[in-house]
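The two complexes that follow have subunit A in common; it is paired with subunit B in the first and with subunit C in the second.
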Partner chain A sequence: MPPQLKCGLAALSLLLLAAGTARADHLYISNEKDNTVTVVDATSLAIVKTVPVGARPRGLLLAADHKSLYVCTSDADHIEVLDLASLAVTRTLQSGPDPETFALSPDGKTLYVSNEDDNQVSIVDIASGRISDEIPTGVEPEGMVVSPDGKTIVNTSETTSMAHFIDATSHKMLASVLVGSRPRFAAYTKDGGQVWVSSEVGGNVSVIDSATHKVIHTIAFAIPGVPAETVQAVGINLSPDGKWAFVALGPANRVAVVDTASYAVKKYLLVGQRVWHMDFSFDGKTLYTANGVSNDMSVIDVGEMKVTKSVPVGHLPWGVVYGP
Partner chain B sequence: MLGRALRVALMFVATFAGVAHAGEQPSAAAPEAAAGAPAHVALVYLALSVKRSFPESYLDQPPADEGLAGAAVALADDNTTGRFTGQDFTLDPVSAPDEAGVIAAFHDRLQKGARDFVTDVPASLLLKLADLPEARDATLIDAADSDDMLRAEGCRRDVLHVMPSRAMLADSLMQYLVVKNWRRIMLLAGQSDADKLYADAIRRSAKKFQIKIVADKPWTFNPAEQRADTGHFEVNTEVANITQGVDYDLLVVADEEDNFGDDLGYRATLARPVAGTQGLTPTAWSRVYDETGATQLQNRFLRAAHRWMTERDYGAWMAVRAFGEAAIRTHSSDPAVIGAYLRSSKFELAAFKGERLSFRAWDGQLRQPVLLADPRSLVSISPQPGFLHEFFETDTLGVDQPESTCHLN
Partner chain C sequence: MLRRLLFSTAILLTLAAKANAAPPADPDWPCQQRLVAHLALATYWTGPAPPAGVDWHSDQRLAALVEQVSPRDVSAADGAANLDGFAKSVPATERAKTLPLAFAALVEQTNEERDAVVSRLKDLAVRQRSLAKRIESDEAALQAIPPDATGDAAAERAGISERHDLLVRSYHDIGETIRYACQVPGDLDARLGAYARVLAAHLDTK
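Take a look at the complex of A and B:
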């Protein structure tokens, strides 16, 4: 290859790189105590903006078109839509009282919201911004997830200690599965075959077979030198390749890395204090955690299984979402 | 004095009215439901409706439905879950104004087949109930007593306790004093039996945590005197006198019936904070507590009872939830199965304290973190960081297995 051409190619690739950098992705962190969402540049990890939102922002979700972010503003009793181009709240949606967490249907049209104070799940039509139906569930509904095929909703109720499987079309309860105490979060495996449910007070994860609605395995956590009472499982993120599950252990200040085939815990990663919710980068190579007590976000290199950085954000960070 | 008597009488009527109303609920002592129908778990709430001693402050009147209102919220929680497990819970509230009445009601419910009891009765009556031969296969969850005797020589195989013992309360406070390095306290104890027991617990705990009691004095001032129109002058002088000539970090008060504890702050000779039964108080529940999901229970209770949840309400809530949890986990309405599960290591109660609570096998006490709160804020939660234990850090509070004088076997 002639040196000139080589040089030209190098310049072109640099240009491409630069273009890539210009369109860097961002992280969005809900700060429960500040009533803000912190926007962090995913490349430089610098704070781009702190956006004021409604009272007590907790659950966050990226819209299907990646153009906006849904924010559960719990004490404001509604959902806010944060436009990602302007970084301003442009709309509010009905949510029912005290929305904490929610899930999005695969077609991006419907939100399923757990109303912690009202023992029900509200179904919100995003286009109209209105509640189309309410489903009674257990005491203190919390975790919400929709199956990959969109046919089933799973809701966990904290004081009832159950994962409720609900038909997404008929809104009928299909099954209620008893799990560990105070279930906080539910996640489907990519193939939809299993639902993983974390229990905060039980300190474990129940793996439920989606077809039979039976708990097929319970994953326990034991960290040397850490009191068992502080091991409180909350957020669960399954790696895009399906091999690993990352489980946030709350005040144990660790994220457990679980082999999804053997259910064995491979590693505990030390992150910030009281880690609750997490999200992967689009390429699945990086995992970000929101640490409520230390008011920061930890950055985990998934391949290396190492914590590489900690980024200070707002007060009482609850959740984090990776987006454009 | 007439005003006070009238108020006491009114309270008594209110208590009675509450009971009569509760009595309208369908009887819970029904026999086991037939197969196919939801399995029925019948709980009995047994209380001695005593005239609660009048608090010195008019601000916090004891509610007529205190305790029972907490049980009602827990029953609703149990039934919401029961809907999904095919179980149905009922609570039969029974109360009587005297010991004989409570014992007769207990007999009656036992005879009708009830075996799961939540009790809100004094320690001496609790022992009389627990020692009845017919109660042998019953489970009594004591929702109200903090008596250390009930966890020691007075422990019974058929009794469990959900409230922290006085020893646990005292240890919670002393651990905090160690952390703050407030090593010298003055103890001021009231004259009731309960006050004396509380003061004893403070003395034992101070010794255990090497806190020095530099002065230990009884409070004998007649509370009626402060009710007079210039009464506050006399109280002020009295508190200044009794605290004179002593230097200490903290004034610890033992006044379980709220007769004088609130009158100590700002009146002592030295400017020192007050703790114990008033001021900074170790407690199972406080309206200032809103961590680890407690907001949800506070809100749920407020909506149901139209007032704040008290420690007594929380005790009854825990007791009814404990029965519910055991019935749901075992999927059984058999009192023997429920009783065995409650005492097993598998049992765990999520009671908004950020960790699972379970019963100590050696004395039937529910192990739990204890709040340290003043009337307007949560100050801390014990066990304090650094107080370590081989099995449960909460077992650094109260009487641990090696020291226990309870011989359940």
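Take a look at the complex of A and C:
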């Protein structure tokens, strides 16, 4: 075989190999102050791109098909759809005023958006991009989550300090459960049996039984030497194996690691400043946090329960999502 | 008139929002973020504790360092570069003692800077509240005199109107100052965190 042909075949094989290699996963971080989403390579932790989006991006969600990212652009009063192949905003969806957090139905067709300014939840049909219904809820709605079976929506209201359970079909309020002061975030356990609600001012997490709508446990956090008023519980992420809950404690600069069986706090991890929201890698081995004051993202080795790295991102990072 | 009504409405809405919000720790605190009375070392630091009973003021090198990096107008980047140089200059065997002490000194000095800002902010909030009351009082007085009044009543109305407009301007000016100054405690908090990370990076934490 002539040397040129050999060389050509070798180059072709390399190209084919490269094409066959899976695209690295990425982190997407919303920077509330910069009006951007930072895209970080999950392997190298290098910034791949900073994508301009609408005003005040906060809540982020990965689409069910993993092809796009939904971004609550709060001051633009809509949701933007970031195409993950081109890393460009390709669509906008209606959201109602001041969208901050939202949840995706398990079938990936519907978004439930909390509208802090007008005390309601907007139901957005993703295909049409339009609001199909609005549900009145408590004052200053904030946290949103949908049960794993898609039958129940839970919305927290900051001012009334309640978690509202809403029937996803009839849109009727099923129950309102009093939780800690200024509830910010809600998360279902994988089996749907419990809802965990964080309270920013209360600095605790209420664990609610989904069937009885009763608070069955309240998890308090106390870090030696750290002022109690800085312990502000916000983001909650339950590990894929269900054994651990990671709770972001805001300006206490800690993530609490909670044993979901005993509700005991096993460890407080020092991360960046004003840690707000978090996300797991697909394999559940790594957790990433968005830190609003230190303008970085902390990387946590879940098995070791250790912070391994800090990655500078934009200004006032609010949310982080792991995706392709 | 519209401007006056708008001003009153804005004040009412602000008061309503404050009434709905969670009980503030201090009624004179005008910023959106919760007031944290003092910054604490443990919020930023999980390294070794500073040595007990050692006064950093008596260490001239530390005192000079603190004076260089603590003033409010020192940027986090400049201060961090200075601290990095300092930490490198400390022999490895002394770092576990000197660097926590340096950070404790920085927390103390940053709190002093921050206390002055917090105090000024509270003063501004009190002043703004007092202005709001005077503006409301003037608005009530203006409502009581018909716009088409003549003679002494017209002169009185014009006087009140002029004073009202000045008060409104002052109210908005103070609001702007508060808005700007409210960022300072957060900036100091962010800078202290950056300082902690620089010093901690020079400690053997294994």
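Brief remarks follow.
Keep in mind that, in the parts below, the second predicted complex is superposed on the first by the 302 of 324 C-alpha atoms of A that agree within 3 Å, B and C clash if a C-alpha of one lies under 4 Å from a C-alpha of the other, contacts with A are read in each partner's own complex, and residues count from 1 in each chain.
In the analysis below, a residue touches a chain if its C-beta (ideal position, glycine included) is under 8 Å from a C-beta of that chain, and two chains touch if they have at least 3 such contacts.
No experiment lies behind these values; they were computed from the predicted model shown.
Considered on the superposed subunit A, subunit B and subunit C are sterically incompatible, since they clash.
Contact with subunit B, but none with subunit C, is seen for A:Glu116 once the two complexes are overlaid on the shared chain. Shared-chain residue A:Ser310: touches subunit C; no touch with subunit B.
In the superposition on chain A, A:Ser294 contacts subunit C only, with no contact to subunit B.
By the document's definition of touching, both partners, subunit B and subunit C, reach A:Val139. By the touch criterion stated above, A:Thr159 is placed in contact with subunit B and with subunit C alike. With both structures placed on the common chain, the touch criterion links A:Val201 to subunit B and to subunit C. In the superposed model, A:Val226 lies in contact with subunit C only, and not with subunit B.
In the superposed pair of complexes, A:Ala252 makes contact with subunit C only, with no contact to subunit B.
Of the two partner chains placed by superposition, only subunit C is touched by A:Leu270; subunit B is not. Within the three-chain superposition, the subunit C stretch that clashes with subunit B turns out to be 9-17, the only such case among 9-17, 45-53, 63-71 or 99-107.
Overlaid on A, the two complexes show subunit B and subunit C touching the same residues of subunit A, namely 139-140, 159, 181-182, 201, 227, 229-230, 232, 251. Interface residues of subunit B facing subunit A in the complex, by the touch rule stated above, are 77, 80-81, 84-85, 293, 296, 299-300, 328-329, 348-350, 354-356, 388, 392-394. Subunit C meets subunit A in the complex at residues 20-22, 25, 34-38, 40-46, 186, 189-190, 193-194, 197.
Those residues of subunit A lying in contact with subunit B across their complex are 116-117, 119, 138-140, 157-162, 164, 173, 176, 178, 181-182, 201-203, 227, 229-230, 232, 251. If you check the complex, the residues on subunit A that touch subunit C are 139-140, 159, 181-182, 201, 223-227, 229-230, 232, 251-253, 270, 272-273, 293-295, 310.
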